[in-house]
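Multiple structures are listed underneath, in structure tokens.
What follows is a pair of complexes built around chain A, which joins chain B in one and chain C in the other.
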Partner chain A sequence: MPDSLPPSPVRRRLRQGRDRLATVLVTAGGIGVIAALLAIGVFLAVEVVPLFWSGGDTQTVSPRALWSPLQAEDDLAGYRWDPTATLGTEEPARVSLLPLAWGTLEAAAWALLIAVPLALGAAAHSALFMSPRLRSRLKPTLELMEALPGVVIGFVAGLVLAPWLERHLADGLAMLVLLVPGLLLAGALWSRLPPRLQQALPLGWAGLWLLPWLLLVLAVALWLSPWLEAWAFGGDLRQWLEVRLGLDLAVRNAIIVGMAMGFAVMPSVYSLAEDALSGVPRSLSEGAQALGASRWQTLWRVVLPAASPGVFAAVMIGAGRAVGETMIVLMASGNAALMTWNPLDGLRSLAATIAIELPEAGPDGLHYRLLLLAALLLFLFTFLVNTLAELVRTRLTRRYRRLGGVA
Partner chain B sequence: MSAVLRHCLAPWLLMAMLVAPQTQAEPVAGTLGTVGSDTMSGLMLRWGEALTRQHPGIRLQLQASGSASAPPALVAGTTRLGPMSRPMNEAERRAFIERHGYPPRELAVARDALVVVVHRHNPLESLGRRELDAIFSDSRYCGAHEGIHRWQQLGLDWPVGSIRLHGRNAASGTHGLFRQVALCDGYFRPEINEHPGSAAVVAAVTLDPRAMGYAGLNHLTPGVKALARRDADGTRHYPDAEAVRSGDYALSRDLYLYLNLPPGEPLPDAERAFLDLVLSATGQAVVEELGFVALPEARRLRQRRELGLGDAGR
Partner chain C sequence: MRLAKRSRARLPRGEGAGAWLAAGSVALSLLALLALLSLLAIRGLGHFWPASIALVALDDGRQLAGEQVREVPLPDGTGRERLYRIGNRDLDGTRWAWVPVSAIAAVSHPPELMVLERHRWGEAIGRLVAVESETGERLEGQAARAVLENRMTELASLRQARDTLRDEVVLPRVQALQEGGDVERELATANARLRELQAAMQAGHLTLETASGERWQVPLDQILRVRYPNAMSPLDKLVVWGEGVWRFLSEGPRAANTAGGVWPAIFGTVLMVMLMSILVTPFGVLAAIYLNEVAHQGRLTRLVRIAVRNLAGVPSIVYGVFGLGVFVYGIGGSLDEWFFDAALPSPTFGTGGLLWASLTLALLTLPVVIVATEEGLARIPDQQREGALALGATRLEMLTRVVLPMATPAMLTGVILAVARAAGEVAPLMLVGVAKLAPQVPVDADFPFLHLERKFMHLGYHIFDAAFHGGDVQAAMPLVYATALLLVLVILVLNLTAIFLRHHLSTRHGALSRR
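Up next is the complex of A and B:
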């Protein structure tokens, strides 16, 4: 065997050279990525500068216009995004970025509100309670959902889901309201079942045998919804919302965006959280159960804290994606640059604005630079979210390392 | 066969192609590149097809990225034909003159209009100038006293509730024209849903009896109803071919073709063949087929004469 012999000096030098080359290449690659990231930030910042300070006769936008509301009589006042109408004219610029930033965060918040409970619930169930066979099928399927292009999700949400929900608002609400009691009822019924039937319906397979029950609950909700609407809302939920709460319903609204984007964010949150939860050493949960903890207590007091760095990272990655997502918001939101708390109003995000307006904003114009400023803002948002995620994650990892937890 | 050889040969071949028809009565050949309006892309495509059918040697190359892309391409000389759905503004015209020393040649090639649409079951028939402004703007520069937010304010019992507004995105020519003409240069209300295309506006209005939107005339479908425009004296102008052609329907406009043509020089053959087709009866029939409106006959013939195309124009 040539390897067992002491290598000749030539060969040794060759190998050293190869090692050194590999090191250089890997280092260069790493530095290159960081440099590219910095370069993007620097490029955006440099391109944005002439928006505020210019040497010559070109016009600028005052920073005040970006953050403060317009001072005007009644209807014209407020935060407005209407760059094509006012840039380059004598009129006060209507280019406040606040409604766009608001829309971005609002959409991301609704998406997380919908995705995080579902994804974490699914992850906890499949990591701890589900039968391994079902889990080995379910996890790849859920991860496949991640491959769905945002355009497709946005299309379905904007053109199918939104009009349906607008016409059947009460049905949707009834389904949502009856789902939780329906599931609790299923749990209560199951615990009363005779042991033989319980064995036929094992908990590990609940994901499968609950499906018919879920369909039944939804059917009952659909059947009941006209009565519920008549009883609680005087027969017309939309009118009730408008008269009682002063809420106006837009067909494409923040809730629709949240549902669509929640659907898009869910698989990645689920996948990462599931990895973290199932990576918690068996010895920990078995120890807890041996000491008399119930499964529920084990989950809350032992497994979840031990896996918290990974779970937190999963949620933050979901948040990063929700903030930067473009096509879903563009197609499902209606793109009205509003700043309201009403979740039934439309919204407009930074990313969607850039996608819509950049192709027709002439290069080097004020509008173009404004959009680059929006891009810079978006870049900062995602950068902050990810940095925060990484900081908290390393902190938590350090704290729980002694438990034998995993990142 | 090396690329070098091809590169050396190409200009000569091209020259030969362009020169040949002038010396003999050969069929015209060549490639016409155009850059401009996406509203007119369907129109240009169909004209290009018809042109290739008449002169198998000519091909029309289309780049439709918006009206705003035509002037820079004309100035830089990358194209000699720029379709635009709005007239060139002063800055664009000045840039062209600065570069070439003469103004661009402007040709009106079709009539188009913006229509205000509602759901097909909506009882509304017409809107006045001020009403339209009060619905879509929050500036009300056309003179209305207060904004119109609900259908009841238009005197209707049904549909009930607020008017849901749909329109085009801010970068489009349609958005700009509507702002100028219908809002008296005012400002759109922020609640308007902005869609990336006229077809999407029409689709949204088709689904919702409480919706109102504006779109290009050629996007009308049976699912929506186009509203008439009411004059101060109460006459209604529906956006039909006659009213759009004469301009009685106030939201109508010309569609243009801008041409880089030094004064005094004759049209190059390929462009001559193309314009001959566009301003012929066949070319105008294509316009009508695609849902736009043909030019008034007198105007078509006058433009033919100005270009030296002869009066035939079948």
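Up next is the complex of A and C:
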């Protein structure tokens, strides 16, 4: 047994040498990998520079062309994105990135408008009300939802939901309108139930037993929608929108993108917000409830203020995801570079533009560099937003540790 | 005392409106998820079920035969209309027919209606009138059916023989010939045999009577399969359904990705993901070990850690841009100049390909692996490390014998999460090497067997392409549903594995850190 003998000096030196070598290798490898990762930002920045400033003969674009409207007599005036038709020709370059940035932010805003209430509601419910058994099943389920590929969601949104909604706009509106009253009605009915039934349908499992109720509400909405359309919109909602509000409907529009991307972003916001809410030290909420607050009051007055940075971080990360999501916007938005306030019009985002145009733009051209600039913008935006969220989150963990004391 | 009484009197009876809205948002999210999954499952799997063929007699005396796809209200709200898939695209110019329900006089399902699946032009629907063999012999009625069945089995074996001959004899010889080998005689005999087989296949045709009464001759070698759906028992249909699913998984696409199977896409996805995990695992673990075990835990390390975490949130398309700029144009372009000078200007590595796609996705999933591994490493109690060092182990021995084995489940979790993310990513692949239709799978019998420079097919891109770039989107839809279902299933299974591992890990380390 060589191990039981005292190690010879040669062997010890060998071991130490090996150890030092491994440390050096790990250090070199680790730094190399991290440097490669961080090189992404550097690469984008370096490639974009010749766009604005070049020493020699290559063409450049003035920053003004990117951010200011085109001065023209005809209907081409304003902010236009059309690099393939205008770069390298006599015409003034129509390469304003504004419509793309607008489309990106509009899509993200609609997505957040749908995702944030849903995600925060679900997070509050599962952190405070839900039975622990259901919660331990539900959280992985919603996290699985996060892994659904964007291309599948985009396909369903663009080719199933969008044509359906075009045909059944009033049905969709009726569903949306009846959703909240339907849920409130469920609560009101529940509080009038005999106690035995209330025990059979506890609030802790409401996430499950509300499913059939929701289906019923949606069915009622479908049944009521022709009546609603006739009463409020003169029988045809699309025509009403066009005549009264001047909104025309594109099949693939910002609302569809918002719904699809809201669905995609919601699980990540939920997951982070739930972590923040359930991480609040129990002593706080128990104290509030001991003083006579209801669970909802506890949530609103104690838990939410304590966890607000975490919730904010969750929303920020959701925003980062929504801004960079490519396939959903590509498949559900119609990809028309418009700048309108009309949520029923199409849009075109930075990410989708890169995906469509970059394979055709050869290397080192102006078009290529413009698209790289778009990528750089996306990178900077998401990086900043995520850093902010991460800083807030680390601070929050420290705060919890302090609040929770030794326990 | 008074205080207690008052607070009891004020104890709220219910939770108020907010609690119900919160519960409702859970239910709504679940409902949306369930709706999406069941839509994919029903449409995706239902496509392979041999639906009955309806013979529809219209009020004006016309007849049509087809599979009812759906029924929707008319745009003007005066009734409903049905969509039938009537096939026979080369005859009628379309394979769809919209029929107002009010115009239908009678619907029947006669058992003799026949569906032919063909190489091109989709399916043909009608009644079998006669089968004519190459010698001009003509058979009608029941005899024709029996002959047709025999002929189909014969054709299948001929096709099989032809494919084997082509793949195993002719193509390698052609390759050898190009490289200067002396195989012309062998090649000539093989080609002669191939022509014989072709000739044997080309003989004969059948006469079909469509629902509108037209007679129409279909060459037998164009036909892949013959079915009589209305005469089938549910068990027969189940068998046909199973065969359909199997063909979907095992065959290549036909008719511009609107028919056939997705085997090359499955193969491409799996191969790309495997290459990616081989690339990402060592580097991710190395970086995590460096950050957690070797680096001085100062301000800089903390910043780097935050930056790495944030890179997980950078949009995937940005990684795609990086891959295109650095890997494809940069490294690939230089490789072409140095080693594949002869092939220029057509690029070898200077265009998107399997290697670049795997590398890009490896970079994309690197933060996932680093973060997961680091979490596992941070969870290992310091006593374990100190104990190992105190017993005289060097740091390397401590790492490889104590720390890494304990962190293995965390690494696995990270790699599986990375694989799940990579399998679903499409946007970066569009820039660095996915193809709409790749005739050659990147693995074959030619040296070096694995062709890293080739383009490949991918399930996710297949969905995008078939749904948005196909000619007849309506016809491609069922296949897109099936592909989407497949992709979602693969990703769900991978994620469930990761969740299971993580659970296993947390129970194990929960036991460890307790004192």
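Assume the second predicted complex is superposed on the first by the 350 of 407 C-alpha atoms of A that agree within 3 Å, B and C clash if a C-alpha of one lies under 4 Å from a C-alpha of the other, contacts with A are read in each partner's own complex, and residues count from 1 in each chain.
Heads up, the rule we're going with is that a residue touches a chain if its C-beta (ideal position, glycine included) is under 8 Å from a C-beta of that chain, and two chains touch if they have at least 3 such contacts.
On a predicted model such as this, the values are computed, not experimentally measured, just so you know.
Of the two partner chains placed around the shared chain by superposition, chain C is the only one that A:Ala122 touches, whereas chain B remains out of contact.
Of the two partner chains placed around the shared chain by superposition, neither chain B nor chain C is touched by A:Val42.
One of chain B and chain C touches more residues of chain A, and that partner is C. Legend: residue contacts after superposition of the two complexes on their common chain; A:Ala219 is shown touching neither chain B nor chain C.
In the superposed model, A:Leu14 lies in contact with neither chain B nor chain C.
When the two complexes are overlaid on their common chain A, residue A:Gln239 makes contact with chain B while staying clear of chain C. In the superposition on chain A, no contact is made by A:Ala200 with either chain B or chain C. Touching of chain A by both chain B and chain C, each in its own complex, is seen for residues 159, 330, 359. Across the interface of their complex, chain A is touched by residues 65-66, 68, 72, 138-140, 147, 160-162, 164, 169-172, 175-176, 179, 187-188, 190-196, 203-204, 207-208, 211 of chain B. By the touch criterion stated above, chain A contacts chain B in their complex at residues 75-76, 78, 80-86, 94, 99, 159, 163, 166, 238-239, 242, 248, 250-252, 330, 334-338, 345-346, 348, 356-357, 359-362.
Interface residues of chain A facing chain C in the complex, by the touch rule stated above, are 15-16, 18-19, 22-23, 26-27, 29-31, 33-34, 36-40, 43-44, 47, 117-122, 124-126, 129-130, 138, 140-145, 147-156, 158-160, 167, 179-180, 183-184, 186-187, 190-191, 203, 206-208, 210-211, 213-215, 263, 266-267, 270, 291-292, 294-297, 299-300, 317, 320-321, 323-327, 330-331, 351, 354-355, 358-359, 363, 371-372, 375, 378-379, 382-383, 385-387, 390-391, 394. The part of chain C that touches chain A in the complex is made up of residues 7, 10-34, 36, 39-40, 72, 75, 283-284, 286-287, 289-291, 293-295, 304, 306-311, 313-322, 324-326, 329, 333, 363, 366-367, 370, 394-397, 399, 420-421, 423-427, 430-431, 460-461, 463-464, 467-468, 473, 477, 480, 484, 487-488, 491-492, 495-496, 499.
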